[in-house]
């Protein structure tokens, strides 16, 4: 038993296994409250809802792997939603289909600015993305307040966010699966993926190995911006409209999910599978605490305590000079 | 005389490496005790144990007759042991005075008394013979040799009973070296026990009262200075004849002389740090860079590798001017430069990443199509490289941090060989590497050259330069001061030109 | 200084309706117009606030107000209560005649009101108001809003039993508390046998939609729903879950009302009552009246604009062509505030 | 001795830059203000500015050790809620309440430090999580806004002294002199800088790393709670608002950066952060003196914030060894 625990502790899969075990544990606790927590309906719904967070966390993970952090999530999600809906309004029927790529593109542009600030101006990501978040908010307030763009989701967006086109699997889950598969491929099979891990472990060493580390950073932030915006598009489809501050609920859960999935907050280490498990864990935790009507106070305390407890379980960090 | 500090049967392993193996050591007050041994013999580990930085796996530390355990450097400091580490332990953002008094500042009402601290620092600097250093200067504004003096002053300010210096003179200017000699002799006469590590035999001869030789983590012998000849001492350190450590050099070939140089540097300058460097290397040649540490050798490599901004001068390859604005350009097929940086832990490797990922990292462009790594090609290429350099790694998927230092260094070299470079720059590639591995690396360098690469080797180890290189350019203050080749290439000539003996009076 | 407490009745009681019989009346010394009026807003990043700001600007530009206002300045300070207090102080220091405000945290405003009174400045908090009888305020009765929603639900669930879903607002906010208490008082009154399930929706469509979806997935069946805000999202979640259509008491978002009309044939029964961004206009009007020396009730009760099935009328109390996020009720005829919805959130911007 | 000045100035350069930036912006603000340099205007600015300044000081301490404290805002809110319960009644009771509030803040900071030192977790994620816990506790204390505070104390601290000096500035000065200066001048404060500068070197020099971190985070918690206490005096009430906690945390980091402290640690000063905070606050105040469209105000603030934090990029022009970019 202890031997097994020790082996696990040494292997890189401990976070994934632990988070998965914790997820199962949560479901069991939930099922004491209501059988329905184990129903397929409920679980599929959770996966559908987790997809939104999953997309955001995908971008967040890329940035964290680099050793950065992206605090512009809330308003980039809103940018994605508002701009896609607006595009549908501007371009009429053609906008129907252009809307989705346009929204994502807008997020991507903001992501590129993030990347320029972090990679080329070398402003700490924590602070530059904070500034971009404020700018994005400002632009959206001006845009909705000044020009009253359309904010209704197109049918295509609605279908993408709530439909079930394949074997009863929610469409957003399909989207997440596709994005997740691409990310897995990106991280583990491409030169860019290697470069991301390299930069996260030691930007110096990666640079001296002939990697254009600034371009890698720029790309990751661009992808992160696009992921946030894509989540915004899906959310718009889900609630059939885009609205201000729709991304507020995603910033901290995304970071928490990535870290609970075993990605090192200082970068360079982590697997996407871990992030997937982390996202599901966080979504379930939020949902179960909500449905069990735990008062907000208790929810916050439990939420924080779970994060600390799990990280402590993954093993304490190494000491410095040894 | 009774020893003040005694280490009995101490052992220490780092992963697979036995840094110390039941080693013995004792030092007495009023004596300078030299620790001798090859790179990686375990000298630094031994003194780190004395200083409480590293905990021994087994063995006892006896201080003034009582068994002690130093679980934290503070305890050793409190016990009167002051240590100057090989990797300096200064805080670059803090001022000289802050550094000197970091653990035991003079206080008034619980707060640091800055005036008193300044006096302490001034006194310590004066004692170390470095009055020219301003106590309020931030350490990161000082040159390496000045920093080393600060480090010495810092150790002195702790009023130690035992003073340990680990290659404390490696980066000093000649004038400072003399000052430190005088200081150490004075301290010895005041009754301190001094442990002195150096690779320079002349320093040992001048200073030491006693010598202890270590080899591969074992204590080999302790004897009074002067009782053994240099040759005997070296024999003890290396365990065999030095001549066999290096592969034979090929005779100078007439044809090679006329071949166009693989690298032709003309008038390269950078800021105030590199001045008008001219140098040509032909394929098949190993050219050494000598001189004291920090005379611009590293910057020269960085300039060639495209890391520095604002480099003036011309670099030609096969007659065509080339310019690399970044390592990415420098490693391109057309240019084909590889740089093996001296600090493998921060610059050469991504420690938590697997051996395989590290090996293929610099050559991914060759192992991928359209940005997608072809796993089979990668596996084959890395396996071939592991065989070629006989890298000992239990599992290629393990983090490279779990390998021993020598094997890590091999990984750094291998990762660049994957790229089939035409010009290889190596910066102190054998630092902290055991004897056997070193020899393998020398053979490898020679083979690389024979295969047509041009090799530039910077080393702080004179024997290495003499044994390995066809020619050596001695750097001094950002210039090439002298070229040494053939019979001129002796330790004496290297040392003399490294210290720029004719210019010594200027300092 | 501050206003003198006088006896009623006050100015234009149809518009400035006193809260209840015990409401005091205030009178400030009359000042000569035109006046300098400020709006100290907190957060801006949601549709309600944007609509409120545009409403304020539009109302200030009406002929009626234009003649009375020399300068109208709007500052939004974000969510930090200290910054908003400083904004109020700044307006006081700069000698504005009246300050209209939505407090980030109303209990925090006592000291600033004191300073305003000392300077003879009329402060009119609205929407998120204070538990104070020392300052003139404009609001809808939040407890009554909860109670009214509860009553309507009880009335529309003949069995007076079953499971109700309550979607609450931002935790820690007094509006959330008042509406919640009002609602619970009614549905938990003797004679009713409801089981109430409570989730937190943060007055946000996305959050509410998720919370309702979760609740439906676990509890399967509800007989009625009260949602404090994010009503569109709450109903969406019912529709997405293919839950049977039930009576829903919600806020006054346009999207909610649109859904109510659309799904009425499936049995969705709605009442929609909400906080109107138009409160700002009434507050501005009240501020001007006070400055003119009129007698004003201390607590002005604005009627809760309510629309209940089957009285939803396109172009009147909901707007099929406008955004879902639009808040439907903006005009208050008794007050002469008759800004048309399309004037405020129209696509071709004229008043920006 | 002339050289002494040169070194002292160099050490304080970032701090002076922030101070100069503040003076510039504040002069612009006062110059355009309708009433200008008067006691009420200064008092208003001080009441708002000092809160953020103190939270920014709290943030500076962990940042100096190359850590970060994402829970400062939540400790600030928790202290506010606690103070609205405890700092009431007779002067003696109020004083006891103040002590309890400050002790609670220090305890929160100590818990952060203990998890970081003994649990060996990263500060950023540790404090993110503990921040949630502290907010939960605050919500438990104040389910809805309310409470009260000792009015005499509050009036005294938020008003102006007889000479026309805003009392809050005096409080700020007292905190600087009472907490920051002793910290900076003590061995433990210098150890904190040493850790941020080079942790391994500090360890080898015999610096007690664990204890230093513990003290640093504890003081950060204490300072954050002083901020929360002052917020109570400004608002006469307590409120558990996640939004406020978030705003103060993020602004405190921005203030630290604008104040010239590097997020990589090792160098910087809380005085710089104080000016950074005042700069941020004055940027907000510019909205009063410039007639901006209300809906353009958030954009204006965002752009200025972005510009202010990007100022540091100017130093890149001087870098001639690209490896220096990666430290």
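Brief remarks on what is shown
Chains: A, B, C and D, in written order; residue numbering restarts at 1 for each.
Quick note on the criterion: a contact is a pair of C-beta atoms (placed from the backbone, for glycine too) under 8 Å apart; a residue touches a chain by one contact, two chains touch by 3 or more.
It should be emphasised that the depicted structure is a prediction, and the values quoted were computed from it without experimental measurement.
The chain pair A-C and the chain pair A-B differ in C-beta contact count, and the higher one is A-C. The greatest centre-to-centre gap from subunit D, using C-alpha centroids, is found for B. Computed centre separation for the pair subunit C/subunit D is 35 angstrom, with centres defined by C-alpha atoms. Rounded to whole angstrom, the centroid-to-centroid distance between subunit B and subunit D, based on C-alpha atoms, equals 43 Å.
Residues of subunit D in contact with at least two other chains: 139, 143, 200, 203-204, 295, 297-298, 322-323.
Among the residues of subunit C, those in touch with two or more other chains are 44-45, 50, 53-54, 171-172, 352.
With touch defined as above, residues shared between interfaces to two or more other chains in subunit B number as follows: 53, 307, 326, 347. Interchain contacts (touch definition given at top) occur between A-B, A-C, A-D, B-D, C-D. The touching residues of subunit B, when paired with subunit A in their complex, are 53-54, 305, 307, 326-328, 330-331, 339, 341, 346-353, 357, 360-362, 364-365, 368, 371-373, 375, 415. Contact residues of subunit C toward subunit A in the complex are 44-47, 50, 53-54, 171-172, 197-200, 202, 204-207, 209-211, 213-215, 217-220, 232-233, 236, 240-241, 255, 323-325, 345-347, 349, 352.
Within the complex, the subunit D residues that touch subunit C are 33-35, 38, 40-41, 43-45, 47-48, 51, 139, 142-147, 154-155, 158, 231, 234-237, 239-244, 247-248, 281, 284-285, 287-288, 291, 293-295, 297-298. Those residues of subunit C whose C-beta lies close enough to touch subunit D in the complex are 39, 41, 43-45, 50, 53-54, 57, 73-83, 85-87, 89-90, 92-95, 104-108, 110-111, 131, 171-174, 176-177, 352. Within the complex formed with subunit D, the subunit A residues making contact are 69, 71, 117, 121-124, 126-128, 130-139, 141-142, 145-146, 203-204, 207-208, 252, 255-256, 259, 264-266, 296-305, 307-308, 311-312, 316-321.
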